[in-house]
Structure formats: structure tokens, C-alpha cells
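The same chain A turns up in both complexes below, where it pairs with chain B and then with chain C.
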Partner chain A sequence: MTWGVEGLVVRLGATRAVDGVDLVAEPGRVVAVVGGDGAGKTTLLRALVGGVRPTAGQVRAPERCRTGFMPTAAGVWRDLTVDQNIDFVAAAYGVTGPLLDRRRAALFEVTGLGAARSRLGSQLSGGMRQKLAFGLATLHRPELLVLDEPTTGVDPLSRGDLWRMISRSAYDGAAVVLSTTYLDEAERAAHVLVLADGRPLLAGTPTEVVRATPGTVVRLDGEMPGITTWRRGHERHGWLPPDGPAGTSTDSGQGVAGVLPTKVEPDLEDAVIAASLAREAVDA
Partner chain B sequence: MPETTTLPLVQVRGATRRFGDVLAVDDVDLDVHAGEVVGLLGANGAGKTTLLRMLLGLLPVDAGEVAVLGHAPSRDVRRRIGYVPQNLGLYQDLTVEQNLEFVAGCYDAPVPPLPPGLAALAHRTVASIGLGWQRRLAFVAALAHSPELLVLDEPTSGVDPLARARLWDTVRHQAEQGAGVLITTHYMQEAEQCDRLVLMVDGRAVASGDEATLIGTTRAVQVRTDRWQDAFAALADANLPVVLDGTAVRVADTPEPTVRAALATADVTAEIAEVPATLEEAMAAYAKTGIAKAQ
Partner chain C sequence: MRAMILKEFHELRRDRRTVAMLVVMPIVMLVIFGYAANFSVSSLRTAVVGPDADVLSVAMKVGAPLTSLSPGMGGTPLTTDEQAATDALWNLFDVVRTDVSVSGADAQALVRDNVADVVFDTSTTPTTAYVDGSALFAAQRADAALGRMGTLVDIQILYNPDLKTSWVMVPALIGLVLAFIGTIVTSIGLVRERAAGTLEQLAVMPLRPVDVVLGKIVPYLVITTVEMAIITALGVTIFGVPFRGNVAVFALGALLFLGVVLGIGVLVSTVSQTPAQAIQLAIMVTLPQVLLSGFIFPLEAITEAIRWIGYCLPMTYFVQISQGVMLRGAGIESLWLPFTVLAGMAVVIVTAAVLRFRRTLAGGRS
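And then the complex of A and B:
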């Protein structure tokens, strides 16, 4: 069974927070929704779990009791202990008895939370709190697992642990949809959906997304009039639109002395920047 | 290239800071030169923020020496530093313009002009503008007094790649103009933007150099197979740190024969390749070594 949204539009007040988005979530696959603050990631994810009503389009999701949702920077009750958090969520989903014991033990084993089981949610470190939130969202082994920025602000070590837990859920057969601002994380997903201003910017496997980069990405030795550039370490990359102005083709040699642009193979970071610039050009 | 012959803007030698029983910063050396962008990496609790607070004069050292712009940290030195804290340090109830006026007033600096985009939001309260704009404003505010040293604590968290690229343009421009930059980040792709990285584990600076130096000899093993679920199960059952990588699986910091043996027990045929570790995987390896040493 696959889940997802088709032609989704969500209007919040005067804003089209999500504006014409398609997304397919399949068992055993991780989909990464990428975008900055205000791109529409949270609204899309909330629509998928039934937390916000679509203005238009279709949402296909299992019943709420077979869906797991980890909201951004929350999902743990701060004034309950680790054990009480687990008991509360287990009761809500009807996970009881030996099954609950096994799942609690499994959670403690992968997270190391067992040593902190009497600690309040508010006393956990950021990484531990996110791991507990993940454990709570998956306690009932949902078919559709939706995670809103599970690794934002989490340090690289805890992020590695969380990614192992996410991998495990996909392995267990869950369809996983997560949002992130980290492109290196998106690169590890089977499918990537890049959002900007509520609209899809790029979508596909990481390889397909890179292949769909609009225009041409070039490397320059310095700034060049008419070309938008960005730094990649000591290099400067630039973007030439597909129907770029005459004289900016990669081999025309018309650059300012010493700054001839050379075509480069874009990576996911370049692809998203180029697509954002293409969108800006169209919107302008 | 960074100038390394002049006196560093930041010179830390043997800095140590204890909180009760916890050694938060343990005998750390750190240099930041003019024109250099230095990235400070490490897990939460590794001591990065404590170190930054010592440089800014917000915390004294228990032992060791800290010199910033040639002096011990003080209010006078602080006036020559631009600082963007993790929470940005903006006043949510003031407008964009009022925030800049206030900060410029504190530093006796002229109020800087607002860049395009932000100018249209001049009369909006900070609370009412998006996080990406708030970050740009924090940068404009921190640069108003033309600081010689920039200290940035996770400056680009939560922004989209284009906005992040624009913030980095500003950072590198400052370095080219001769400022030194010290930046903390959890975002591994930002590491490539730095001239040099310093990795902290449990209060100590355990490695320093560019990304390739930090990754060093740490390797990962990538496993491609049509039966990724079976491969995943076999590797997880062998207690290896396996993660999903697209439709392949990946095991960090584990010898290839160990991976091969685990797959053989489950009769999984796969394309197995040893690849360089990511910086994140290398950091996990450093942290493991640190824990091993402590025991």
C-alpha cells in the first residue's frame, strides 16, 4: 500500500502554504522533504497525518492509529519522566503487557535512554529528547511514519543514531516521510522533494534531482557581471539560465579577463541553489 | 590564502574551564588568523560554546591563556568583535530598523544601510519576519561596526540552501577583507566552506585541519544489492552500525571483511565497496576513540 498526497493545496489565511504538491510514500522507503523556514514542509507533513485540512487535492494515509507523527521540536512531555512518556503514548495506542515491555526494552537498547528512565523530559539533552520523541512516534510500529525535522539542531553524533533508527523503521516496513534542511541527509533518502514557497522546486531520486538542474552550473575564479555566484569553499560556482543572455555560454570566452567560467557537474547543493535562482527569475 | 605570519587574532593556549566536576574545556589550543575561516565542530556538550564564551569574555578561564586581538578578553576587545549567537540576539518586539539602531548605538557605529529585501521589512517587528530574514538581519547587525573578528554560533541553521549560500558569501567576503572568522556548525556541508576545522570531543581539541585531514583513514563500506532488507538485517544482527543510504546500505568505521562475513552468514550477494567516510562518520569514530581512552 502506498500513501501520499496528490495536487495538494493548503491555504492558511491568505497564504497558500502548500501549493500543488505531489508526494508518494512507499513501505521501506525514506522520502525527504527539503526546504528552508516557511517553505511549507510542516504544513505538508501535517496534512499527511490529518492535522490540517486540504484546501484542494487528495491525501492518502492510513487511519490515525496506524500513523506515527513526530512534530518539530516537540513530541515529548517535558514534565513527565521518560517512562511516563512511554506509558502515556503506549496507552493511547493500546500497546500493553509483554508487547510494551519488549518495545520499551528495544527503545532503551538503541537509545541508551534506560539509564535516564526516571528523568523528566525537560532534563534530557536535545539529542536524547529527539530520540525519545522518535521512540514515542514509532511505539505502535506505524505503517506511515512522518517526522518533522527530526535532526534539526541535533549534533552529528545523535544525528547518526537517529538515522540508524529511521533506517530500522524503513527496514521494518514503514513508509517514512521526513523533513530536513540538511542536504547531506536528503542525499541518503530514496526520494527527495524540494519545496520553496509551498511549491515543488525539484523531485526525484537524489540522482534525478541533480540531473534536473536547470541551466548550467559553472566554476569561476571571481565575480562576473550578470552571473549569480555562490561560494563552495575557495571555489565560486555560478549559474547560467537555460535561455541565458548571449555571451554567457560556457565556452564563449567572453568573461572578464581571468574569470572564464568552466562547466562543472552540480551536486545536490548546486542543484537546489540553481533551481531556486531559476524560480526567482521566473517569479521576478 | 590566509596570512599566517602575523600575530593571530585569537590565540588560546591550554585553556581549561571546569563546571563543578565537569571539565568542559580541557587544555585547548586554538589560533584564528586574519582572513581565515575556522570551523569549530563537535557534539553538544563537547565544549564549543564554553570556548566561545571564554573568547568573548563572558567566562574566565580556570587555567591557560586566552588572547583576543592581542589582549585578554574585555569590553574594549568585545567592541572589535562581531558576534551572532545561536538564538541571534535580536529584540523580537523591536522593528528591523530599531534593532539596527540599537546595536549601532551600543558600538558607537553608524547605522548600516539595509540590504535589498530586508529594506522592505524595515518597519516590521522581528517577530513577524521569517527566520531567514532574521538571520540576515543578525549578520547586518553584527557587521555594523566593521569587526576584526567574527564569532558565529551555528549561523545558518534552519535556512534554505540559497539563503545559506548568501550568508556564506557575506562570511567569506568579510574574511577576504581581512577579518578572522570562528564559526560553529552542526551542518557538515558547511565544513567545506572553512579554511580549517577544529574538532572538539569531551572538552578537548582532538583534531585540526581541512575536511580530508579530519576524515583521515576512517572508511565506510557501501553495500549495493537488490535485497537491501536482507543485507540490512544481516548487518544489524551482527551489531554493526548500519544505515540506509538511498537504496543501498552503509556501515561506517568497520573493516570490509567484517561486513563481507556478516553478509555471507545471511547468504546475501552484494556489490561491496570501501569508500571514504563522511565527516559525520569520522566524528563518530573520534568520539568512540575518546570514550575508549576515558575507560
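And then the complex of A and C:
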């Protein structure tokens, strides 16, 4: 059984937060929804779990008791202890008795939360809190697992832990849909959907998305007029549209300070930035 | 739903400020309002009963000499000043009923059932004036005016013989605490969930909206009921306030009133984004109830336009019920009006609150 949305439009007030988006979530597969702030990631995920009504289009999702949702920067009751959080969510999803004991033990084993079981949600570190939130969202082993920015604001080590937990859920057969602003994370997903202003920008496997990069991504050693650049590690990358930027061309090769743009193989981050710039150029 | 209620209690226990408010506010109010200020009124609803009721009633209207209180005594002509003073005195008594067939215990019943603030019973010699001590401000004024009639009238202050402010304040205070706690704490409980982002999660969990709403309301219903019992007990023991009426009638009134204030709390929470906003709004809707429900400023003394605001506030009716039951031992028959109004308000507000809250849960962000 596959889940997802088709031609989804969600209007929030006057704005179209999501505007014609398709997404397919299959068991055992992780789909990453990528995009900047206000791109429509959260609205898309909330529509998928039934938290917001679609204006148009189809939403296919299992019943609520077979769906798991982890909202942005929340999902944990801050005035409840770790154990009380687990008890409440377990009761809501009807997980009881020995099954609950086993799941609780499994969660403590993976996350190390057992040592903090009587601590309040508000007293947990950011990473621990996100791991608990993930644990709560998956306590009932949902068929569809929806995670809204699960790793935002989490240290690199905890991010690694969270990704191990996410991969484990997918391996166990859950269809996972998550949003992220980290493109290196999105590369670990089976399928990537890039959103900009509520509209789909790119979609496919990470390789397909990279292959579809519009124009040319180049490496520069300094600023160059007419070219938008971004920093990648110790390098600076720039984007040249397919038909060449106005007033410059790759052939002339000479920058103001004598810098020479060199063509590079784009990765996912380059691809997303290039696609955004191409979209802006078209919209302008 | 049990899980929701348990969770709410666990969360409430951790919220020190709210717990402090639950404990401190009733004590502060009990101290402050137990010793509140007095105000006077300019007119007293008066009934004249007994065999000579019609004579006395007419005498009052025309401003006859005070000797009219004892028919047959006759009188000497009054000076102009004395006549003016007499007129002013009689003007205070606004006759709402004249009945020659009532006397004695039935005359007292007119006071108990709040037909009049003062009842002149001419079946005794001298005429007895029964004064409703539970209508404190009216009673104080009546006591002063009747005192000037000297031995011509026997003053009997019923239900609050020493005219103690605390006796009328404590029943009203019960309503005040219910209103504050019910409205403010309920709205905080819901808004806290929204501000923390966990309302989103509740909305997509397999909980019925009615479970979420009731899970949120029931804990506060329990808490406010306990608080009400404690304040009532404190009022009776510390201030010696009598509890003359039927506890069940009182409980029914309190339950209806709680339904209204908890409903208002839920409504406040659906239009507030943060606990601070919720508290502001809750205070805004609660403050008029303190000032305009007739227990600090007598409703009869308020300008007519503003008085109508008072008539729209649930507290006005709860105060009538609590004072009536506790002090006068009034039954549900004589309190049918406040009971009917409160019941109507409870139905409308609770329905509106549940509908709005369901929309908040289903419709995502507002």
C-alpha cells in the first residue's frame, strides 16, 4: 500500500501554502521534502497526516492510529517526564501491557533515555528531546511516519542517531516522509522532493535531481559580477544559466579580478540552489 | 480520555505559577473581599402588609406624618422642615406590593423570596419592619432610615442581623473565585498546549475531539469544585457565615455557573496564541463580572445603561443564587429566574466553546 498526495493545493488565508504537489510514500522508503523557510514543507506534511484540510487534490493516508507524526521542534510535552510522555502517547494509541514495556525498553536502549526517564521534557537536551519525540511518534509502529524537520537544531552526533532510528523504521516497513533543510541529509533519502513557494521545484532520486540541474555550476576563486555565488566548504560555487548570464559568457572566461570559472560536478545542494536561481530567473 | 485527564494533572502539577494562583488567589480574595467597602442606595423596594396596609401605603405616598405608622394616634401639625424630612424619608421606600392578607411569618417569607428588601407588617404594634440583611447596602440604608422613626417601628433585620459585610461577600466570593480560576486556568491549560506546538500533535492523534475537550475541562472542574468547597467551609468557619439553604440547590447553581465560566475559558483559549494573551483576555472578561454583578456596587445604584451589562453577566445570577441559598435559605422556586438564565447561558456558551475548539483542532492554525 502506498500513501501520498496528488495535485495537492492548500490555501492558508490568502496564500497558497502548497500549490500542486505530488508525493508518493512507499513502505520501506524514506522521502525527503526539501526547501527553504516558507516553502510549504510543514503544510504539506500536516496535510498528509490530516492536520490541515486540502483545498484541492487527493491525500492518501492510513487511519490516524496507524500514522505517526512528529511536529517541528515539538512532539514532547515539556511539563511531563519522559515516562509520563510515553504513558500518555501509548494510552492514546492503545499500546498497553507487555507490548508497551517492550517498546519502552527498546526506545531506552536505542536512545539512552532510560537514565533520564524521570526528567521533564523541558529539561532534556535538544538532541534527547528530538529522540524522545521520534520515539513517541513511532511507539505504535505506524505504517506512515511523518517527521517535520526531525534533525533541525540537533548536534551532529544526535543527528546520526536520529538517522539510524529513521532508517530502522523504514527497514521495518514504515513509509517515511520527512522534511529537512540539510541537503546532505536529503542525499540519504530514496526520493527527494524540492519545494519553493509551495510549488515543486525538483523531484526524484538524489541522483536524478542532480542530473536535472539546470545550467552550469562553476567553481570561482572570488566574486564575479552578474553571478550569484555560494560557499561550499573552502570553495565558492556559482551558477550560469543555460543561455549564459547577461553581459558575461563562459567563453570570455575573464572575471574582473582575473578569476577563471571552472565547471564542477554539482551535488544535491548545488542542484537545489541552481534550480532555485533558475526558477527566480523565469519568474523575473 | 482518562489518559488526557491524567496528563493534564501531571502538567498542572509542574506549572508552579498556575498552582500558586490556584492556592494564593482564593486566600487573597477571601481576605480582601471579606472586608470590602460599603455603599448606599437611594430607594428601597418596600411591601406594606397587614390589616392597615392600604392606609400606611397611601400615607407613605402622600408623605403623611410619621404618626401614620400607628393608626389612631393622630398627630400634631409638622413644621416645614420636619415635613420635608418626612417626605425625603418616605421617598426612600418604593412600594412594590401592598397586601392586606399577609402578615407574620408570611411577611418574612416575602423577604426570603426577595420580593422586597423591606416589609412593613402592620399586624403588630408597633408596626414591624422586616429588613433583608442579605441585601447589605439596602439593609444599611433601611436600618438608618427606620432608626429615625424611633419607637414607632420595630426593626427586624433578617438573615444578617449584624449587617456584616463578610456575610454577603463570602457567597459572592465563591462566584468570584470560580470565575477567575475557571476562566484563567482553563484558558492557560489549552493555550500552553498550543504555544508548545503539541496541540498539532493532539490534533492528529487518534483522540476524539470531545475527549480532548473534556480531558482539558474535567481536571479544572474538579479543582474548582474543591476550591469552592474549601472557600465555603472557610467562610462558614472563619466569618461565621450561615449556610441556611439546601446544599443541592447551591451545588446545582454552582455547576451551571462553572459550565459557563469553563466554557468562557475554552473560548478565550481558542482566540489566544500565548498564555500571556489568554490571561489578559480572561481578566478582561472577568473584571466586569467583579464590578458589575451587583455584589460590590449594588445593581440598583448603577446607571441604567451599564446596569444592563450587569444583567448579561453570569456572575450576577450566581451571586443571587449563592446569597439567597446561603443567607436566606431561599428555595429553587424563588430563584427560578437566576437558575433559568444561568442554564441558558451554560448551554449557549458550552456549545459555542466545543464547536470552536473542534474547529481549532481540525482546521490547523488559526
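The rule we apply is simple: the second predicted complex is superposed on the first by the 268 of 284 C-alpha atoms of A that agree within 3 Å, B and C clash if a C-alpha of one lies under 4 Å from a C-alpha of the other, contacts with A are read in each partner's own complex, and residues count from 1 in each chain.
Here is the rule we use: a residue touches a chain if its C-beta (ideal position, glycine included) is under 8 Å from a C-beta of that chain, and two chains touch if they have at least 3 such contacts.
This structure is a prediction, so every number in the text was calculated from the model and none was measured.
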Superposition on chain A - do chain B and chain C clash or fit: fit
Where does A:163 make contact in the superposed view: on chain B (first), on chain C (second), on both, or on neither? first
After the superposition on A, what does A:15 contact: first (chain B), second (chain C), both or neither? neither
One more residue to check, A:230. First (chain B), second (chain C), both or neither? first
Taking the superposition as given, does A:78 touch the first partner, chain B, the second, chain C, both, or neither? second
If touched residues of chain A are counted for chain B and for chain C, the larger one: B
For A:55, using the defined touch cut-off, is the partner it touches chain B, chain C, both, or neither? Pick first, second, both or neither. neither
Quick check for you: in the superposed arrangement, does A:38 touch first (chain B), second (chain C), both or neither? first
Superposed on chain A, how close does chain B come to chain C by Cα atoms? Whole Å, please. 14
Could you give the residue numbers on chain A that contact chain B in one complex and chain C in the other? none
Footprint of chain C on chain A - complex, ascending: 12, 46, 49-53, 63-65, 67, 69-81, 84, 87-89, 91-94, 120
Touching residues (chain side chain A, partner chain B) in the complex: 28, 30, 35-39, 125-127, 152-160, 163-164, 166-168, 170-171, 181-184, 187-190, 196, 205-206, 230-233, 269, 272-273, 276-277, 280
Give every residue of chain C touching chain A within the complex, in rising order. 2-4, 6-7, 10-11, 14-15, 192, 196-198, 200-201, 203-207, 362-365
Touching residues on chain B, where the partner in the complex is chain A: 41-46, 130-132, 154, 157-163, 165-166, 168-169, 172, 186-189, 192-194, 229, 232-233, 236, 241-247, 249, 252, 278-281, 283-284, 287
